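All chains are identified by letter, namely A, B, C, D and E, in their written order; residue positions are counted from 1 within each chain.
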């Protein structure tokens, strides 16, 4: 119906912003990171190409322990976010009336209203030994003396779950929304009880949403910086903190770049495994939500 | 013309900036808050561009300049060096001269030491006392190089002397690390910034901590029981300087700012904000009254003589220290 | 359905759980907001009495936020950055939507996945990698042809680009989803009624996308406003609000003025979010 | 209440449902003999789906009782009732293939693997789709999906199968074909089917018995022929099949038939609708179906006049040619349009503009006393 | 080529379209006189939409020429052709209200505000919806939307209006009503309508002329009656209307009629399909429409035997009651099922199991020489 050339030109014009964005802001910077991470400082202002930075990582248990810790805590956060968020998403999508739905959804966006920093700030005010919760419990007489809730891994997990749960709920709500109620009714009608329907029908149906939520949640918590630092205790090192230290405190950009690539690689592998295990693809999960 | 200042949190109080802008109506001051590490990292990233005046500590200039070439030499003739405390000026010059060029002049100096609630921890006197089981769960420190150095002194070592022999320094660091890991159980939490520290101290969650003196003075205002304690090994003293980033574009404005803040009437304003002592002659007397009281409550003359000025950090030390700190953080103690 | 009888104890428990959840969501915000009214120099218990000083006082030490030059400046920069990021992301999101919904070209699926990838790269890494590339480029240009490109140094432009690099993914997904629902015969109908190509785009396609574009813009604005991880490395002297506040907290020590700012932000974002919901509802009505 | 009565698979006793102030179902009673095909036909929103959902257990009745095989099922949760349901959009599980869809109910019941396999393949044979077990749902055609949805229920040997407008989403040709097929499947399984629809042709073609529902109540239950030829109410007469409709006043009546004059002034003879007594002077509605009106050229009309006692002359206004279902619109002297079915053979057919006479028997003119709502 | 010829609004000359190797339209020629209602009827996928999109300018023909009002429009972009189109899902603009929807085309044409207002209100009057101008699209009923979609095109005074299955998305009752209405609208605007459908009843009821399309080609163009009663090909006979169909071999023929024996061994007399000559021994397909077969109880058959020259005895297998469209399936001696339309009056009707005779005239038995594809 139209000229082939115009079509081509349109395509090229549309492709240009995309290509510029992906190439200049994603691909090239990451190639730069890879190149940087392969440099080793041998003397002031003298660098050589080598794998030294990566070997450094392998030889130092602190680093890979921290990476594993970051990974496993992020997985825990993801799992908790799913457990806590799924019933909420289900409630919003299937049980709340159509009018309540919009309101509840709005409420879910609350954490997005202020920055990470203020959220952590709020948690600190709540959790510290002389904070609101401790004082409240003292007042009710449940505890005899102030209790410190801050500065431990549990606080970090609470803070992270809080930060990321929104990104779990949104894709879940949108997949569950698309699920025909009669599908659930059919599940009961054919003899399934509540548990069977949940396990065999609702969860398999919501799988793309679940996986999408898990991926985003996992990446966000593995990549978060402020929450673990501000809420974490004496032992709670986070891998992003180490990257920051490499870059800022130790002026070791090469090492920091290597760590950055390692974090990316590690999280990518975890996600790849997750996708393989759940039989989903990136395109039909994250891309759909 | 814009003067882009890269400086510490309280080193550019609004009042002073406004006064400066009134005096030089064609100059606009833009301030970026930072700290030693970030200043260097930023200037490194920009190759010394993006800012017109930076204020790193005197010990963090030499190596950074050698390695990344981020500052330009200063023209001392444009600075009113006469008002400066000679001892401090000479010390900074000595530390920051490369190939005969001077790269920094002093601005303010202060110390890092201990802070204690007199009523609850009267005996907190030494860096090592933070690890005293008597205060179990009631002390804090910042996991940065200060505590490494302090602990080294408390163990009878002289870390600055060992800077020339990095192997030896590594040995000291290892010992310090062991000690601090052991100490972990005693610590309530590592503070990250002035905020956590003040909150923990004021609320009584902790009774003693490693601290910047200015933070201690501020708390003294709120609660006179909280005082700065120079450790008996000697408080660690730093001098914050003025340095010109290599690709700064408003050198004249920068010089104007330097001379401006060194004027006695401005020094008091500045010190009121920073809590540090200006590196001008009679700097201590120019402190505002409340600060002066806090300083006098904290320091005797002997303490001042006992100050340990941070020594120039040779290349590589930051990396060693960083690794040690990571080791301590990652160790599972307490 | 999971909840059969409208009065069962199960459903009651379920409702309680939902309520508890929303309390959990609101708790830190409420506490952060509440301390803005505490008449004390430190944002902590004990409660010293109610005050509005942290908003309106113009004297130290209780300098209220509306007189705190630095905070207002941070707010201003945050605003400027968020506007640019939102505008840019919506624009690129729209072109991407057309590209992937309408375009046919080899490797389309691969590129589509590439489009999603930025969302799953940790923000810190995005920030650093962009900083490194920009600095290297600037340094290289300067060393070889003595060309000083100021905008490649940390500053507003890099912050905007850094945030844009992953926010564009969000807007692309939102707008793509909407465009997929667009019935292309609507465009043909407009042609058929005599409209030119540009007119069809202006009067039919873009109006159809408008709700999604606005919603995406609001989300982009909010995400940009609150972003910390990516911004941290790219910020120059024009620090946006989150960075200013971080500096306050970590380096100076905070006062309830930060809580006051948080409170204002909460109210502002709340209104914005409400607006986006209303637009969404408007869309669903069609 | 009644004792266990094996001849009824399903009994509903005065069943009712209110949603707040909306009275969706107003007290409906019926029983369905074993193995029959029972349809509920009614306009949109009359409460059909609500009734069915109460039988399946998804809604709790506000009053009345439901018995399946003679046992009350009030309070029994939906997954414990042996009543299966085919949903309007089928609700096949898209994440399972055909085999798993059919096996789902058997698995819930806890059968062993071998037993399940045997049963699934068995039912696939019976619906004549033996080879689709491994297909995904989206690989099936509309008609195939339909049959799988039925098989998924039938494999559980339900006492009653409920179908809620299962053909509504199909296109015209497929719908025609599935009508016949559904009836055959019901024969094959010999299970009681309850079929909901608002399409009268579906209900008439397939059912043993049809209930006409209107505003939450049953207007009439009967065989398709009964409903069509002997409707009890004006609503049924108007809803089932096409009709020409007049309003008029009775001029002479012997109770079951007589003379009426329409509002347009046309005299007409009629017989009263089933079970009604119509008195002189009553306001009535008269219904005459187009296929019972014979249209003949006026010139030839005399020959057949004896046939019917109603006769009207007019001019053919237009001819709606539709093959076997062609129809003429005849404009009578009073300006009214009357529809009449004609068979056109392509040879000496009626044409617009011709003078014709319309003739029909008084037995085919059904008459109902006027109600307010009519 | 022909000169400007004002009597044809649209001429297509050997128009063809290939999508890669798919030959969607294979060279179709036709011309449509001004002001007529022309339908294209064909099974799904036969190329109807493709043909229409070429006329509207959305696809470029691979060969042939299209002339509107005598002028070739090849190369003219769609927004410059005075051919308007009503889309299957109407494609009304949801972000505009009714007024703006209708005004859209006028605005594109650059008319002034007052002129536009006048025209829009004018066309709304003509489609009998004068009060909906300010409504939003989603506030309209299905039938109203339909009319707005037509008004939106008609306000531009197109030479030809194209309609691509515009009733496909409506429900049954509304579709019936809209059929009549569309025809009336066409009369009112007196514009050439080209109507695409795969539903024969739509095409038959509304059209002046119908083209039957199959696999990219036109099989026959004619009035509805011609197509129904005198189909040219077996495909047309089978596609338009229902038919009983037999295959057989000609035993005796005089070229236009004769005797045939079906594969089941039944003797039958026939007349050849329009324009065909059928020789002895030819393999043929015979079509007889259900409404032309009379079903009578065997006992009463003798009386009407003279009527038709074909007669067959059998037993009623089942009776598909569907009101006026009821049908019996009769199983003949050879086991075959024959469909026949019956009118059931509710009184002394035929019942399954009765012995009946089927009678039809040889004139109604259409016969076509067998083709490979049939």
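FYI, a residue touches a chain if its C-beta (ideal position, glycine included) is under 8 Å from a C-beta of that chain, and two chains touch if they have at least 3 such contacts.
Here the structure is a predicted model, which is why all the values come from computation and not from measurement.
Between subunit B and subunit D, the least number of touch steps comes to 2. Ranked by distance of CA centroids from subunit D, the top chain is B. Measuring from the averaged C-alpha position of subunit A to that of subunit E gives a distance of 59 Å.
Subunit C has its Cα centroid 36 Å from the Cα centroid of subunit B. Chain centres here are Cα averages; for subunit A and subunit D they lie 56 Å apart.
Between the CA-based centres of subunit D and subunit E the separation comes to 28 Å, rounded to the whole angstrom. Looking at subunit A, one finds that residues 128, 130, 185, 247, 253 touch two or more other chains. In subunit D, the residues touching two or more other chains are 77-78.
Residue positions of subunit B with contacts to 2 or more other chains are 192, 199, 203. The residues of subunit B lying in touch with subunit A in their complex are 37-38, 40-41, 44, 64, 66-69, 184, 187-190, 192, 196, 199, 203-205, 315, 318-319, 322-323, 325-327, 329-334. In the complex of the two chains, the subunit D residues touching subunit E come out as 172, 180, 199-201, 204-205, 224-226, 228-230, 240-242, 289-292, 320-325, 341, 343-347, 349, 363-364.
Taken together, the subunit A residues at the contact with subunit C in this complex read 11, 13-15, 17-18, 21-22, 25-26, 28-30, 32-33, 36, 84, 87-88, 90-91, 94-95, 102, 104-123, 125-126, 128, 130-132, 135, 162, 165, 181, 184-185, 194, 197-198, 202, 215-216, 219, 222-226, 240, 243-244, 247, 253, 256-257, 260, 263-264, 267, 271, 282-283, 286-287, 289. In the complex of the two chains, the subunit A residues touching subunit B come out as 44-45, 60, 62, 65-66, 124, 128-130, 148, 150-151, 229-230, 233-235, 237, 242, 245-253.
Chain contact summary for the complex, subunit A toward subunit D: residues 180, 182-183, 185-193, 196, 200-201, 204-205, 207.
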